Structures are given as structure tokens and as C-alpha cells.
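Shown next, in C-alpha cells, is the structure this report addresses.
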Amino acid sequence: MPWTRDQMAERAAKELQDGFYVNLGIGMPTLVANHIGEDIDVTLQSENGMLGMGPFPTEDEVDADLINAGKQTITELKRTSYFSSADSFGMIRGGHIDLSVLGAMEVAENGDIANWMIPGKMVKGMGGAMDLVAGVKRIIVLMDHTNKAGESKFLKACSLPLTGKNVVDMIVSDLGVFRRLDHDSPFQLIELAPGVTEEEVRSKTEAHYEVAL
Amino acid sequence: MPWTRDQMAERAAKELQDGFYVNLGIGMPTLVANHIGEDIDVTLQSENGMLGMGPFPTEDEVDADLINAGKQTITELKRTSYFSSADSFGMIRGGHIDLSVLGAMEVAENGDIANWMIPGKMVKGMGGAMDLVAGVKRIIVLMDHTNKAGESKFLKACSLPLTGKNVVDMIVSDLGVFRRLDHDSPFQLIELAPGVTEEEVRSKTEAHYEVAL
Amino acid sequence: MADKVYANAAAALEGLTVDGITVMAGGFGLCGIPEKLIAALRDSGAKDLTCISNNAGVDDFGLGLLLRTRQIKKMISSYVGENKEFERQYLGGELELEFNPQGTLAERCRAGGAGIPGFYTKTGVGTLVAEGKEHKEFGGETYILETGLVADVALVKAWKADPYGNLVYRKTAQNFNSVMATAGKVTIAEVEELVGPGELDPDRIDTPGIFVQRLIVGQGYEKRIEQRTVREAA
Amino acid sequence: MADKVYANAAAALEGLTVDGITVMAGGFGLCGIPEKLIAALRDSGAKDLTCISNNAGVDDFGLGLLLRTRQIKKMISSYVGENKEFERQYLGGELELEFNPQGTLAERCRAGGAGIPGFYTKTGVGTLVAEGKEHKEFGGETYILETGLVADVALVKAWKADPYGNLVYRKTAQNFNSVMATAGKVTIAEVEELVGPGELDPDRIDTPGIFVQRLIVGQGYEKRIEQRTVREAA
């Protein structure tokens, strides 16, 4: 049975290590925060200018001056610091963030990612996504394996305008996990969701990948 | 009689206007601070990271963490803010400082200035001088008209390595004041120290200048 | 000292609201937006504005107010998702739009304020954003050239100010405000509280007064929340 | 969390003091220099160092200590006037020296830390500093290309830290420290006081903990003053 969204987030959370600074994208990636192991200490960055993001506030704690990059109300922690947007993206662009988990519309076998626009549809903008994929040390994509039409989202080449070129290090889909060792290597299928077969993955994947289960 | 150093500083101080943000160079330019009119409000910047520089401290107030760009102990004011060297030079390079008063070894009739190195002698470095002459809106040079050998320091062309090209707006020497309207215009002699004649200035000046007394 | 404190937002904008100017407006979403100054800019009637702002407000708040009245000719933003009127004007060809990656937008403002006319970044290499831009290699990697931005008027929102124009921001309401404050030919700040001289800790000032030419104290801040997300109290 | 607090300067440098590395050291003159870490670097015996620091200390304090022991191969600085041993080694051809305008040096460190490999500046155009550098026009003015700087190890001095590595500086002792903290592959901070979690105001942190890998509390700060200039008490 394919992983649920929550299980996908749980699987991605296993990539977090003690002491990591992590940026979680808007949408499904925010679920990763619920699965951070209790034995490790991770600091979440929010690109609107905060390091050390806490949980959602209680009704009493809501503060309009304290939101995350998804514009959700949040809270601070004892470790929190605030800074400008320029300093925040200096942190991101300068390679100081260890890991980012992002959603995607398409990922290509060469590590390209598309997650910001569909030609012909209203484009909302890339926000901080291009900065994150260019600057963060390791990029994990969390996405459904196929789109609503059942077509593979892990492709030979992206058809949509790119967010970044050769930047993805790992894909966690509802069917399994692909990883590559570096940006010159091919992706390897390293894990399957329970009950999902290698054949099922192959039939639903356009991209070339190696198998290393 | 030529102006004393203090009188030169007093003359330069007349160029300060109410509300100005001003950076005073090390050495003679620091004397300008003693002559700021009581009717105007001027804020002094120190390029090591301070806006709103106060007077020297009393013995009791000396604080090793509070120095100016000349490494002298100073004090803060009610308006003071501190910031990093990068932010300080962002302020300077970005054209936010209204006026800087600097010393010079040579100034040329095209506005070039040399004040940081003499080939063959030990070079201490340019410090912030190149940034100031490039970034500050208006540059006033405070210097003796001639060097110890009696040779003009206001020249047709600088012989020493430059600090900046076409950057000087005004020269206050012990003999008088030269000004130019913009960086495409020639310098004009606009003022003489008391008892100094136009002929004396001409005999001691290599640079071409216009007279507009 | 020339008094920086103005009576209200309209007074602070006086003489500046010329058609066709470029305006920076701080804020992220609706957090830390200069809401009083934006409303006064709307009331000024200035049109054909180029607005540099990370977002475009919502239909009835923030820069959305200026969209409704068709005062904006062009937006430079990173994300504009929350605004139906924006969508309508853009799809109808009535509004120009230049998307910048958020970090590139922030850095362009910082560069403009710091006298840096251009800088290289990895962000956007290989994407639409890189088209037409100079590419250059550093250490075997490819980067693109981005340019500094300045504005005729920068509108920022801070928490507190002193009469010298020193500003401090609160939590994530800082965002683009401190960066844009450096990049306005004229920068106008609106604040929630004006404190006396010497009441701000000089080591904690986010925007030194040199960057702020005009200042108002806003009354009755709305501070709208876009995504009120809460958890149960324990 | 991996504990960032080390017992002393020698322990904090362990494993990093390899010959030939590039070291940034904060401070302006002798103000805000990482005096304990510099002394420990001297004691480590690491040699052929490239040191990026605005100044070079004095003969018996600051980076002067490393000059005396000939551990420095090259300095990148803006002003080195206060050091006889420096002068002797430089004139004798024993020491390489690269002068950067002070603002360019600060911006190069900031750029290195922020992932900007190059930027354009007016500073130095038409001078020796511009020789061999790419020139480019923006808006009819000429600028030169300067590159970002990173260091293998950045040594900084702050006033207070918390266990997360968040740092605050005091007055003009901030200077290059906060900039260089962002540009070290490993950044080590020495502080006068370590406070508990949550004791620093999150709105007043100069260096967020992400930039600081190791941390020590220094004892008995000398804080030497170069130009003690006083006025008579009124």
C-alpha cells in the first residue's frame, strides 16, 4: 500500500540529523516537523526571517507579527533569532542550511525540478523556491509519484519551466525513495513503500533510475 | 597670514549643514568636530560601525569597546547606533553620507586625490579612504597648500598612486578655498585666508584653477 | 535637526507622490506592511507606479488597495498568489509583472542601498529567470548577474522609532522592511510607537536613522492575519 | 544538539589548525579581536596561514603574535600601520600582503558568507586596486568586480552567547566580527559571557547560531586600547 502523506513526511524526517538546520517548504513538507525524532535536535528556518521556528500558537498566543513563510501564525522558541529577508537568504544562498524538503510538480532524472509555474495558468511566483534549491546543501522532494491523470512526475526531462537545474538529491514519493550520491550520479531506488513492488514503481516512472533496494 | 590648522578646520566646518551625516577622516579633519555650529545638528559617522559619535570620554567613561576609526576612545550619544563593518560601508558606498572631510598628500585639478601610499616607503594601507572618496556625496580635502619642501600639493596631475579618481569637490588649504560646481567643472579659488594674496596662491599652486573671489 | 516626524501619512507623502515613480513597500504577505502609508498613497491618486514588494497584498488590504484603483503599472515581486484583482489585471494585460526569486529580490534591494550595482548569484541559473542575463563562472560554477534596485520612495513599517529615525522591528515583521529602508531615495517609516531620544538600545537598532527621512506614528493597526493556524492549548 | 561549547580556546581549535589554511579574524585595530583564539592558534604551531583581518595587531598582541612566530604567510587587510615586525617581514619579502579597501574587504566577507561569488563596486576605480580586475559600466558609471571571500576557519569575538551559538556584540566591538562569522567553513566564537537558553532577546541577536559551530567563554579579557584619548571631566 502506498504511503499516506503523513507517512511520506515521516520517511523524509528520517533524513534529518542531530544539529541540522532545516527549511521545510509550504504544503506537505511542513508535515515533516511532526515527525522529527525526539532523540535529535533540529532547528527550523523560515525564509521570511526566522531561525528556530516553534509550533503553531494556542489561540491566546497568536501574534500577527510572527508568521512563517506559509503565512501561518507560529511561535518562537528559546533559541529563536529574527533577521531581515536579505540576511535570511544570505543564510540560504550561502549554503548554511543543511537540508530543505520541498514539494514538486516534476523532477527529472538529472536532478532538475519544476515546482513554480504551469504555462497558460495564472502564475503566482516562485517565492523562495529558486533560492532554496540553489543554496541549500541537500534537497529532498516530497511528492506524489504520479499526477491526477496517473502520469509519472519523475521524468526523463521536466516539461514545465524549471525551478532549479540539477539540484535534487532525494525523492520521497508515495511509492518509495530515490536517492543519488552526488549531482553527477543517477538516482537509485533504495526503498519501497510496504506492499509496493519494484514493478509497480517501474510502470509508473518515466525517469531512468538504478535499483539498489 | 595663512590659516592655522584649527582655522582650516573651522572653515571646513562651515560646509556642514543642518541634518547632515558626516564622516571625518583621521588627523586634521577630526578637528572639524570642534567647530560645528551650535545652530545646526550634525551626526558623525565612524566607519568602524557607529553613527552618532560623541566627544572623547572622561577618564571614568573610557570603554575599550567604544572607539572611532582613528582607534581613539570616544563616547556615544542619545542618537547612537552600532552596526557591522559591512553595513557601515553599505552606508558609505550607497551614498547615504552627505559629506566627508579628508586629508590628502596630493589633489589634482581634475579632482583626483592621493592620500594613501608613497612608493618606496612602507605602505600602511588605504583603510576606508577609497570607500569614502568613492561613496560619499561630497568630498572636502583639508591640507596644507604645499609640502615641507614648499612644493604645491594641488597639482596638474597626481604623481602618487591615487585613492580616487575625480572625486574631490572642495579643497581647504592654509591659503584659501577651492571649489568646483560638479565633477566636470574646473576648480575655482573662492576664498583667501586673511592677508594671503591671489598672487601668493598662484605662485604656490601647480594646478590650473579659475578665480571667483 | 530637520524634524523627521510628520503629523500623518498624507503629510509624510507630500511632494513625493508623482505619477510614474518607483515605490518599494516592505512586508511579507500582510505581515509588517506599511498599511497607513499604502492607504495614503492610494488617496494621493499617484498613478503609473512601479511597486517593488515581495507580495501584492490581498484584494482589500495592502497593495491590493492600489491595484483596485489601477494606480500600479508594474509589480516586481516574488509571489502574488492571494489577490483576485491582481490576477484579473495581469491576465487582461493591464499590469506588468516581473517575478524575482525572493532572495534575489531581497539582495537586489540590499545591493541598491549599499551602492552595489550588480552581483552574481546561483539562484535561477538554468531557469526562465536567467534568460537574457549575463552568465559568469566562478570556481567552475555558473552564476548570473543581478542588478541593484533603488526606489524613489521606500515605505517601511517598524515597531518603534526615536526622533532621529532609528528603527527597531518586531519578530518576523522585519522581513523586507530593513532592507528596503536602505534603498529609498526618500524612505518613510511608519511605526507603532515613537520613543524619546536615548530610549532605544544603540546595540539593537535595526535601521540607523540615516536611512529614514520621514516618520509617522500610525494609529489603530489592523495587522491582518492571512493564515490563522492554532493548536489546542495543552 | 551537538554541544557547541568547548572548554577552552585550544580545545575549540582542535582538528582545524592545519598548515596553509585561511583564517579570518574579526576586530578593528585591537577592538573586538578574538584574543584568546589568536593566542591558541599561535600555540597550535599551524603555519603558512593566510590571514584575512582588517588590521594585523600590534607587536605583542592580536595577530602580531602570529607574525612574531612567522606563522603567517599572507595577510589580506586594509590597514597594518601599528606593527614593526609586520613592516620588517614585509619589507624583507617574507610576508605577502594584499591590501583591500576596508569597505571592499567587509563586503567580500559578507558576500562569501551569503553565497555571492562576485559583486561590483565603485571603490578603487582608477587606482592600483582596480588593476587586473574586470571593469563594467552600470548606468554610465564604471565599477570593478570584487570576489567573495570564505575562510577555512573564522575566529570572532562577541560579548554574549547562548548555548545555541547565538551571538550579540557590544558597541564598536562588533565591526568585522558579525560579517566574518558568516564566512567561515567553521566559525569559532569567543565570548565574555555565556547566558542560558532564552536569555537573549531574539530580536537583538547579531549572529544567529547557524553560523557558529564552536564557542568558548574567555577569561580575563585584556581589551587593550590603542589610543586612549580623554577629555577633562566637566
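By written order: A, B, C and D. Residues from 1 in each chain.
Operating definition for what follows: a residue touches a chain if its C-beta (ideal position, glycine included) is under 8 Å from a C-beta of that chain, and two chains touch if they have at least 3 such contacts.
From a predicted model like this one, the values you see are computed outputs, not experimental measurements.
Shared contact partners of chain B and chain D are C. Among the pairs A-D and A-C, the greater number of C-beta contacts is found at A-C.
We define each chain's centre as the mean of its Cα atoms; on that basis chain A and chain D are separated by 35 Å. Rounded to a whole number, the gap between the C-alpha centres of chain A and chain B is 54 angstrom. The geometric centre of chain C is 33 Å away from that of chain D, both derived from CA atoms.
Chain A and chain C have CA centres that are 28 Å apart. Among the residues of chain B, those touching two or more other chains are numbered 76, 82-83, 89-90, 92-93, 135. With touch defined as above, residues shared between interfaces to two or more other chains in chain C number as follows: 107, 110, 114-116, 121-122, 169-171, 202-203.
Contact annotation for chain pairs lists A-C, A-D, B-C, B-D, C-D, with touch applied as defined. Residues 28-32, 54, 77-81, 87, 90-91, 99, 101-107, 109-110, 121-129, 159, 169-179, 206, 223-234 of chain C are the ones touching chain A in the complex. Residues 1-2, 110, 112-116, 162, 164, 166, 182, 197-198, 202-203, 205, 208-211 of chain D are the ones touching chain A in the complex.
Touching chain D in their complex are the following residues of chain C: 107, 111, 114-122, 136, 138-139, 141, 143, 147, 168-171, 201-204. Residue ranges of chain B in contact with chain D, taken from their complex: 46-50, 55-60, 62-74, 76, 82-86, 88-90, 92-93, 112, 117, 122-131, 134-135, 161-166. Put simply, chain B touches chain C in their complex at residues 18-19, 21, 41, 43, 45, 51-52, 76, 78-83, 89-97, 135.
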